[in-house]
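Chains here go by letter, A, B, C, D, E and F, matching the order in which they are written, and residues are numbered from 1 within each.
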Amino acid sequence: MAAPIEYADAAPEVRAVYDDIKQTRQIKDVNNFWKYLAHDPATLKRTWQSLKQIMAPGALDAVTKEMLYFAVSVTNGCEYCIASHGTAARKAGMSEAMFGELMAVVGMANETNRLANGYRVPVDPAFDK
Amino acid sequence: MAAPIEYADAAPEVRAVYDDIKQTRQIKDVNNFWKYLAHDPATLKRTWQSLKQIMAPGALDAVTKEMLYFAVSVTNGCEYCIASHGTAARKAGMSEAMFGELMAVVGMANETNRLANGYRVPVDPAFDK
Amino acid sequence: MAAPIEYADAAPEVRAVYDDIKQTRQIKDVNNFWKYLAHDPATLKRTWQSLKQIMAPGALDAVTKEMLYFAVSVTNGCEYCIASHGTAARKAGMSEAMFGELMAVVGMANETNRLANGYRVPVDPAFDK
Amino acid sequence: MAAPIEYADAAPEVRAVYDDIKQTRQIKDVNNFWKYLAHDPATLKRTWQSLKQIMAPGALDAVTKEMLYFAVSVTNGCEYCIASHGTAARKAGMSEAMFGELMAVVGMANETNRLANGYRVPVDPAFDK
Amino acid sequence: MAAPIEYADAAPEVRAVYDDIKQTRQIKDVNNFWKYLAHDPATLKRTWQSLKQIMAPGALDAVTKEMLYFAVSVTNGCEYCIASHGTAARKAGMSEAMFGELMAVVGMANETNRLANGYRVPVDPAFDK
Amino acid sequence: MAAPIEYADAAPEVRAVYDDIKQTRQIKDVNNFWKYLAHDPATLKRTWQSLKQIMAPGALDAVTKEMLYFAVSVTNGCEYCIASHGTAARKAGMSEAMFGELMAVVGMANETNRLANGYRVPVDPAFDK
């Protein structure tokens, strides 16, 4: 089981990514996810650059993107991602009322996904247009 | 493999649900999902009532809820739900630019969920507060 | 994409498995699953022997086992397995009323699994005894 | 991370659900799942009412329903649900011999689901009738 | 439902990605995956660049990487990815004997993953070192 | 929650499996997975015999098989299996560079599986040959 790589022990290419994360997010230290990915600097850099591009506000705002991220993580049962993106969504503006409704939708979607599977429901032609 | 139950052949309790769906959504006919669930009127009624309550705009608006529904369906690989909720999200106002960003987030979340799993990243204490 | 291996074209070790499936299940021909697995006779034989042992009535009867198999297949969204084990469960005695209740449980379990994930519910000490 | 809402601190609408759970199940306190859902009283109430309806004995008895719930939870890897529904299934009458056979079926179904996927096995026409 | 974007109809930024895919893989046309992603040029470009970097032979050779890709796709039940990466793995050198063993491992892993879940097996201290 | 069954407390049929595992793997004690499966001797024996057959080097070598096992376990989020097969893969020769590339492939496959789902990409005819 690997240990996290702290800034003080990091190679220059890893520090450069940590610095960019800290500046972009205006935080003092990066979270564990990055400190473990740092064992593979190529993956660290590529993952951060992709995430930075994808999570920047655009046609969707930051809180919507974080809620979508959270919905996927809950569906997959990824404990780390549930914890980190739950925190991020709240930081981006998700209220407890929004959280409650988000969870209700995620639960319901997981239920009806299986109802559709088990009843072998064919796609309506109207949905294929 | 069951056949869909059309309005003309439906029992009164099934027709009552179909009528409520059509009125709520302002549509002329219900989609296949409901016509298959109708084989179990108790599940049909309960599922519709839950869905009606959950998907009504509240702290989250309709398009956000539909995008969350779609994100879960894509993660689970439910073809019917991808088709139906992709259509519903567009109808609720999702533009193609929003769809593109939604898909980018869903893809990335599915990737980093596995990076967190495989690197066995422990939850940061800050995320447990 | 591989083609199914029919009895007439099968090697003796494959035929031996086909014969045992047909005799055990009292059927005239094996279903596609076996005709594709036959491309790897070792996997064909091991899978059939495991399945034969596991699905034989014991502390659980045949219909309960087939319903459990179906519940897993629906959760995973495996179309082939939903079709084949739905048929097998009905053949083993699952009525449409049982099917309706089975699907209701499977849907609900998939929903509450995600509610438990997203709310990060800790296991009650009573459940660890 | 939310804290569980205990009965003493709960709003009247939450207490009403807790009371119904305790009376229905003949238990002294509700388990953590409900104490976390209580942060969203609408979801708490809807989830309990659905669960109460679905899990009541009908065409399937209580132990079969709990085993199906457990099979889904194991497939999804939901730790909380594995712990709670494993306990519930045993309470409803699942013996250790039944548990062993249940687990064997769940394991096998997860294996053959992927064999069917990877070999791209087409659904037999007989399964579509 | 979107239509694929063919080279003749593609914007210059999309054509640039198509050209790089064709040159890298020495093929005459890109497969459907890219023609659909082309609806979002930013995702098209980022996904191709990541894939090109990740799938290049390094500490692991091309066929091993394609088999890993296939194993994930089978586990998730992604039909498109099973078809495309099954083809890619064979092109990279996967024999039918290798395919058979790959599928056996993938099936077994999906089975024992659930056995570990359901029996709630704690991680051995030796695995945490 | 079951307790592990140690060798000293095990029935002869369980001991026989433990002995074979220890001899095959040249280890002094079996890991927890087997000590929990031992509650169902039939599953213990069948699982070990299948695993022994499947994981033996053949057309694929041991380290490739362990990496495939790990890739599936990461995709499913099975903590125990990630820990045990991560250890096994390293023991079989997986270097940290190989691990980094393996994880990059697994992450990317999980991402593109969902991109293919969400864009509803049809299988290219060339992949069906």
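Keep in mind that, in the parts below, a contact is a pair of C-beta atoms (placed from the backbone, for glycine too) under 8 Å apart; a residue touches a chain by one contact, two chains touch by 3 or more.
From a predicted model like this one, the values you see are computed outputs, not experimental measurements.
Asks: Trace the shortest sequence of touching chains from subunit C to subunit E and report its length in steps.
Replies: Steps on the shortest route: 1.
Asks: Check every other chain and keep only those touching both subunit D and subunit F; list them.
Replies: A, B, C, E
Asks: Specify the chain most distant from subunit E by Cα centroid.
Replies: Max centre-to-centre separation from subunit E belongs to D.
Asks: Same or different: do the copies subunit A and subunit F touch each other through matching residue numbers, with over half of them shared?
Replies: Result for this pair: different.
Asks: Can you give the whole-Å distance between the Cα centres of subunit D and subunit E?
Replies: 34
Asks: With centres defined as the mean C-alpha position, give me the subunit A-subunit B separation in Å.
Replies: Whole-Å distance between the two chain centres: 20.
Asks: Go ahead and note the Å separation of the Cα centroids belonging to subunit B and subunit C.
Replies: Whole-Å distance between the two chain centres: 27.
Asks: Where does subunit C touch two or more other chains at once, residue-wise?
Replies: Where subunit C meets two or more other chains at a single residue, that happens at 1, 39, 42-43, 46-47, 50, 54, 75-79, 83, 86, 100, 103-104, 106-108, 110-115, 117, 119-120, 127-128.
Asks: List the residues on subunit E that touch subunit A in their complex, please.
Replies: Touching subunit A from subunit E are residues 1, 42, 46, 50, 53-54, 127-129.
Asks: What residues of subunit A sit close enough to touch subunit C in their complex?
Replies: Subunit A residues touching subunit C: 70, 74-75, 77, 79, 82-83, 86, 103, 106-108, 110-115, 117-120.
Asks: Give every residue of subunit B touching subunit E within the complex, in rising order.
Replies: These residues of subunit B touch subunit E: 77, 83, 96, 99-100, 103-104, 107.
Asks: Show me the residue ranges of subunit F that touch subunit E in the complex, using the header's touch definition.
Replies: Listed in rising order, the residues are 1-2, 31-33, 36-37, 39, 43, 47, 50-51, 54-55, 58-60, 64-65, 67-69, 71-73, 75-76, 78-81, 83-87, 95, 97-98, 100-102, 104-106, 108-117, 119-124, 126-128.
Asks: Taking the touch rule as given, give the residues of subunit E at its contact with subunit B in the complex, in rising order.
Replies: Per the touch definition, subunit E meets subunit B at residues 1, 39-40, 42-43, 46-47, 76-78.
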